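So, here come the structures, one by one.
The following pair of complexes shares a single chain, subunit A, combined with subunit B in the former and subunit C in the latter.
So, the complex of A and B:
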C-alpha cells in the first residue's frame, strides 16, 4: 500500500515556526503526534468524511477537526444556511433574529432546557458556567474530576503549568471519576463552600482508557447537588450531539442545571452554547459575560441548520452505529495479527489502545502507519465519528489498518502466539 | 521551600555530580585528579549534604554524609553554598585544615574546569569535543534536577502528585550520552547511561548540536519535536510532566 510523504507540510511548518509560537499551537500542535513526521501539518481542503493536506494526500478523517465536523466537511445544507445569512449580515451592531430562533430551537431540543446563551468556544461556556454557579450560590469552590479537561483558562489547567498561579486553582477540588464517596468527602471537608460540580458526561481523558458512568453515578451526584445546593454543570463540549440529540445527559438519564456545548453544534462554524434549566436563567442573567464576535449570525445559522440536520437523519445513532462497526472491524483486524485492541468510551468518540505494550509505543507506531496510508488516527486522544463516514470509508479503513499492522511487524508475533496456543492445546 | 534552598539542592545534587563525568572524560581533569585520595564533605546548615570522593583516578559524588571525610566544608546557609557555586564566596573548612592548600589550589582548578564546561560561549560550542562534554553535562544536570525540583519546589507538587510510574529516557543520537528519570510510588530519582528498566517514554535528540540547543532552551520544544529534531515516544504524560519541571531549571541555574 502506498504511503504518504509530507514535504510541503514540513516546509510550511518551518515557515510557521519563524513567526508563530510552536509553529502550530494548542491542540493542533503536531508535537503530540507520534512521530510528527508521519502526519500532515496543514490541511488544504475537506469534503464529507475526508480532508486533503497541502501535499495532496487524502485522509479518511477520524478526528473530524477534533470534534466540530459532525455532518461532513462543506456540508451543503449547513453551508447554504451560512451563505444566506451572510447575504443578510453577520457581525452587525445588533444581534440578528437567527439568535432567537436558535435559542428557541435549543430550548425545545435539549432535555430540560429553559434558556440558551451563545459564545465561541467550549472554554467560554465552562468558565461562564462556573461563574454562574458561584454567583448563584455565593460560594467559591468548584469540584471537578481528576484528569478532566474543560478548556485552557488558568482555573482549568493544573497547578505547576506555565502561566498558572496557585491562586488560580486554589478553589478547585479534584476528585476521581465515578467516585460518589469522594464527592461526599469533599462536601464534608468544605461544608457550604462548594458552588459547582463540573464534569463531562463520561470520563474521556487522553492517554488512558475512557470510562462510562457507573450505574447510578449521575443520579447520586444529582442527589448530592440537590441536597447541598450545588450547581451541576455538564461539559458536553466533546460528547454533545454524538450520543443523543437531546444532550448527553438525556443519554445517561439525569438532569444537570447547566450544559456546555461547542464542537459539533455548528459543523465547524465558530459557536458554543450554554443551555440551562429555567430556574438558572435569572442567575445566568446576573453574570456579565460577552465577546466581540459572540453575536455573529452566520455561525448561529450554521448551528441551527446543523442541529436540524442531525435530528432529521438521527445523526447520533448513525455515528454510534458507524463507530461500532469500525471498532468491531479494527478489533478483529488486530486479533488477526495476534494483538488485543481495547476500545473504550462511546463508539461515536472512542478511545483505542493496543494492550500488548504498556509504553503505548506499538499503538503509536500503528496509528502513524495508518495515517501514512490515509486513515487519520491519533494515538492518545479519543477519535470522532461523523455522520458523513460511509461503508466505503469503513472498508478502506480496515484495509489500511491491516496493512499498517503488517508494516509494524506484528505478524510474526501473532504467528508465534498462535503457534504457542496450538502447542498448549 | 525558599529559592536559595532549592538552588542549593540543585547545586549539590544536580550540578556537583557532573564531576564524575568531567574526571572520566576531560583529559585535563583526569590528569589533575589522577593521584587524589580524598573525601570532601559538603555540609549546608539547614540545607542539603553531599560528598565528593577521589580515589584511584575516579571521582564519585554522593548524597549525605561520607564517613570519614578528609575535609569538611561548612556553609552557613544555602545562600552561602550558592554563592560559592557562583564563584563569589568560600566555604568554612571545619575539618581537615591540612587540606586547605589542596582545596584552594587543586580542587579549585577542578571546579574551575567544571565551570568552564558548564558555562559555554558560542565560540566554545564550535569545538566538537567541547560541545560533546557540555551537552553531556547539561543532560546530566537536567535529569538530576528533576527529582530535586519535584521534591523541593512547592509549585510543582501538583505535577509530582500526578506523575505516573515509569522510566523516562533522554538520549542524544546517534551514539551520544543518555540519562534517565525514574518515577515510582510518588518519588523520582535520576541516573546516567542506559536505565535498567525498559523506558516507558523516550526523548531522543537527533545529534549533539540539537541536543545542546534543546537542553539549553534555545529551541522551542514544540517546534523541535514537530520538526523531527527531537523525537518523543511512549507515555507522553511522563515527558510532559518532566518538561514542565525542566522549564524551572533556568530560574536557578541560568
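So, the complex of A and C:
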C-alpha cells in the first residue's frame, strides 16, 4: 500500500513556527502526533468524510475537526443555509430573527429545555454555567471530575499549569469519575457551600480509556444535587448530538439544570449554546455575559440546518451504528494480527488502545501507519464519527488498518508484555 | 420628517423573551435603549453603512455591530475571500495555510510584532494575555483601570457582579485612568508581585466621557513596566484598526508587549488575535490555550482581506476624518438649538453627550429621536465609524439630528441647568 509524504506540510510548519507560538497550538498542535513525520500539519480542503492536506494526500477523517464536522465537510444543506443568511446579513447591530428561531428549535428539541443562549466557544458556556450556579445559589464551590476537560480558562485548567494561580482553582473540588461516595464526602466536607457539579455525560479524557457512567450514577448525582440545592451542569461539548439528538442526558436518562453544547451543533460554523431548564432562565438572565460576535447570524443558520438534518436522518443512531461496525471490524483485524485493540466510550466517539504495549508506543506506531495510508486519527484522543462516513470508508479503513499492522510488525501478546517488563527494569 | 415604528421587532422580542434569558442579552440587550419603543430590536439585513430592521426601516448605522463592521456590511472583497475559503474548507482537522499567511501579515503590519495567535472572542485574548504575563513573571497580580472593560470572564467583571466570587478578583488591582502615580503606588504596595498591566489605548467606558491618554502617560507606564519587569498588555479590541492600521499603540507612540485585537479585524467574521513582541513568543507557547473553532479558516481569510483593504484605502484615516466632519457638524447643529453636544474619545469611535442635562435624559431623548428617523446610535456607548460611511450619510445624519432636536424641544442651557438643580432637590 502506498504511503504518504508531507514535504509541503513540513515546510509550511517551519514558516508557521516563525510567527505563531508552537507553530500550531492547542489541540491541533503536532506535539502528540508521534512520529510527526507520519502526519499532515495543514489541511487544504474537505468534502464529506474526507480531507486533503497541502501535499494533496487524501484522508478518511476520524477526527472530524475534533468534533465540529458531524454531517460531512461542506455539507450542501448547511452551506446553503449559511449562504442565504450571509446574503442578508451576518454580524449586525442587532440580532437577526434566526436567533429566536434557533432558540425555539433547541427548546423544543433538547430534553427538559426551557431556554437557550448562544456564544462562540464551549468554554464560554462552561464558564457561564458555573457563574449562573454561583449566582443562583450564593455559594462558591464547584465540583468537577479529576481529569475532566471543560476548556482553557484558568479555573478549568487546574493548579500547576502555566498561567494558572492558586486563587483561580481555590473553589474547585475534583473528585473521581463514577464515584457517588466521593460527591457525598465533598458535600459533607463543604456543607451548604457547593454551587454546582459539572461533568461530561461520560468520562472521555485523553491518553487513557474512556468510561461510561455506572448503573444509576447520574440518577444518584441528580438526587444529591436536588437534596443539596446544587446546580447540575453537563458539559456536552464533545458528546453532544453524537449520542442522542435530544442531548446526551436523554441518552443516559437524567435531567441536568444546564447543558453546554458546541462542536457538532453547527457542522464547523462557530457557535456554542447553553440550554437550561425553565427554572434556570431567570438565574441566567442575572449574569452579564456577552461577546463581540455572539449574535452572528450565519452560524445560527448553520446550527438550525445542522440540527434539522441530524434529526431527519437520525444522525446519532447512524454514527453509533457505523462506529460499532468500524470498531468490531478493527478489533477483528487486530485479533488476526494477534493483538488486542480495546475500544471504550461510545462507538460514535470511541477511544482506542492496543493493550499489548502499555507504553502506548505500539499503538502510536499503528495510528501513524494508518494515517500515512489515508485513515486519519491520533493515538491520544477519542475519534469522532460523522454521518458522512460510508460503508466504503469503513471497508477502506479496515484494509488500511490491516496493512498498518503488517507494517509495524507484530509479536505475540506474551512476547510484547515480556518486552515491556524488560523495558521497565 | 417621517418616524419609524417597530411592531415586528416588538412581536419578535416577545417570542424571544420566552426562550432566551433577557430576550436579547449582553451588549445588544434593549435595556439601555431609552425609550425602547424608539429602537429596532432585530436586524434583517445590512449593506454598506446601512442596516434594515425586521420592520423594513433603513438606518445609517453608527454602532457598526458595536465595532466589527469596519468596511461596510457585506463588503464584496471580504465576502469573496470568505466564499473562496469556504469552497475549499472551513473548520478542518488541521489548520489551513491561510493561518500562516495571516500571522505573517500581522507580524509585518503591527508595530513591534513578533508573533500572532488566533481565537474567537476579545475576552479569549485578554484572558490569555494575563495568563502569559503570570507564566512569564511567576507573579500573580494584574493592574487594570477602574471602569475598564476587557470582557465577561469573572476576573474582568470585578467583585459584586452576579456569578463573580472574591477569589476571582483577589489578584486584580484597579487604579484610575491617566494616573501614573497610582501605578507607582501599586508597585510600591506589591513589590515584585505585579505580573501585568492591562488597559485600553485610551479610556472608553460607557455612560461617561471618554479620555485620551495624557501627554507622556504611555511612555511613563512603559518605563515603569520595564523597570519592574511587568508585562504591558493593550486591549485594542475596540480601538484596533480605527486609529492606526499598525495598532493603536503606534498612534500613541509606545510599544506594548502584548496587544489584543478583535472586532474590526474581520469585518464581522468571528476572529480575535493576540499579537506580541518576539520576546514574548516563547512565553505564549508555554500556556495551553485553544478552542473548538479557533482554526476556522473562513474568518482568517476575512481578516486578511479586511486588513489589506483597510491598509489600501487608509481606512483609519478615513474614519478619523469622516468622524471629525460628522462631530463638527453635529456640534454645530446642537449649538444652533442652544445645546452643548460634547464629543470625547477619537473621532472614529466617539462618545457623545449633551452636557445641558446631567441626568443624560435629554441626551437619551435626542438619540432616540435620531434613531426613529433613521440614524442609529445609542446614548450610553461610544459610536463607531466605518470606511463605508459616505458624505451623503453624514449630511443626512445632520438633517436627522436637526429634526430630532426640534422634536425633543429645547430650552436654553441656563434654563436646563436650573431644571436639573430643581430636580436634584
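Following the convention adopted for this analysis, the second predicted complex is superposed on the first by the 410 of 425 C-alpha atoms of A that agree within 3 Å, B and C clash if a C-alpha of one lies under 4 Å from a C-alpha of the other, contacts with A are read in each partner's own complex, and residues count from 1 in each chain.
By definition in this document, a residue touches a chain if its C-beta (ideal position, glycine included) is under 8 Å from a C-beta of that chain, and two chains touch if they have at least 3 such contacts.
All figures in this text were calculated on a predicted structure; none of them were measured in a lab.
J.: Counting only touches as set out at the top, which of subunit B and subunit C does A:355 meet: first, second, both, neither?
T.: In the superposition, A:355 contacts neither subunit B nor subunit C.
J.: First (subunit B), second (subunit C), both or neither: which does A:162 touch?
T.: After superposing on A, A:162 lies in contact with both subunit B and subunit C.
J.: So, does A:364 touch the first partner subunit B, the second partner subunit C, both, or neither?
T.: First partner only, subunit B.
J.: So, does A:41 touch the first partner subunit B, the second partner subunit C, both, or neither?
T.: After superposition on chain A, A:41 lies in contact with both partners, subunit B and subunit C.
J.: Check the residue A:22 against both partner chains and state whether it touches subunit B (first), subunit C (second), both, or neither.
T.: In the superposed model, A:22 contacts both subunit B and subunit C.
J.: With both complexes overlaid on chain A, does A:207 touch subunit B (first), subunit C (second), both or neither?
T.: first
J.: See if subunit A has more residues touched by subunit B or by subunit C, and give me that chain.
T.: C
J.: Looking at A:5 after the superposition, I want to know if it touches subunit B, subunit C, both of them or none. Which is it: first, second, both, neither?
T.: A:5 sits against neither subunit B nor subunit C.
J.: Check the residue A:395 against both partner chains and state whether it touches subunit B (first), subunit C (second), both, or neither.
T.: Neither partner.
J.: In the superposed view, which residues of subunit A touch subunit B and also subunit C?
T.: Subunit A residues touching both partners: 21-22, 24-25, 41, 161-162.
J.: Please output the residues of subunit A touching subunit B within their complex, sorted ascending.
T.: 10, 13-14, 17, 21-25, 29-32, 34-37, 41, 146, 158-162, 166, 169, 207, 358-361, 364, 380
J.: Quick one: which bits of subunit C touch subunit A in the complex? Just the residue numbers, please.
T.: Listed in rising order, the residues of subunit C that touch subunit A are 12, 15-16, 18-22, 24-28, 40-46, 51, 53-54, 59, 61, 63-69, 73-74, 79, 82, 86-97, 99-100, 103-104, 106-107, 114-117, 120-124, 127, 130-132, 134-135, 140, 151-154, 157, 161-165, 167-168, 170-171, 237, 262-263, 268-270, 272, 281-282, 284-296, 299, 376.
J.: Okay, in this complex, where on subunit B does subunit A touch?
T.: 155-159, 162, 198-201, 220-223, 225-228, 231-237, 244, 247
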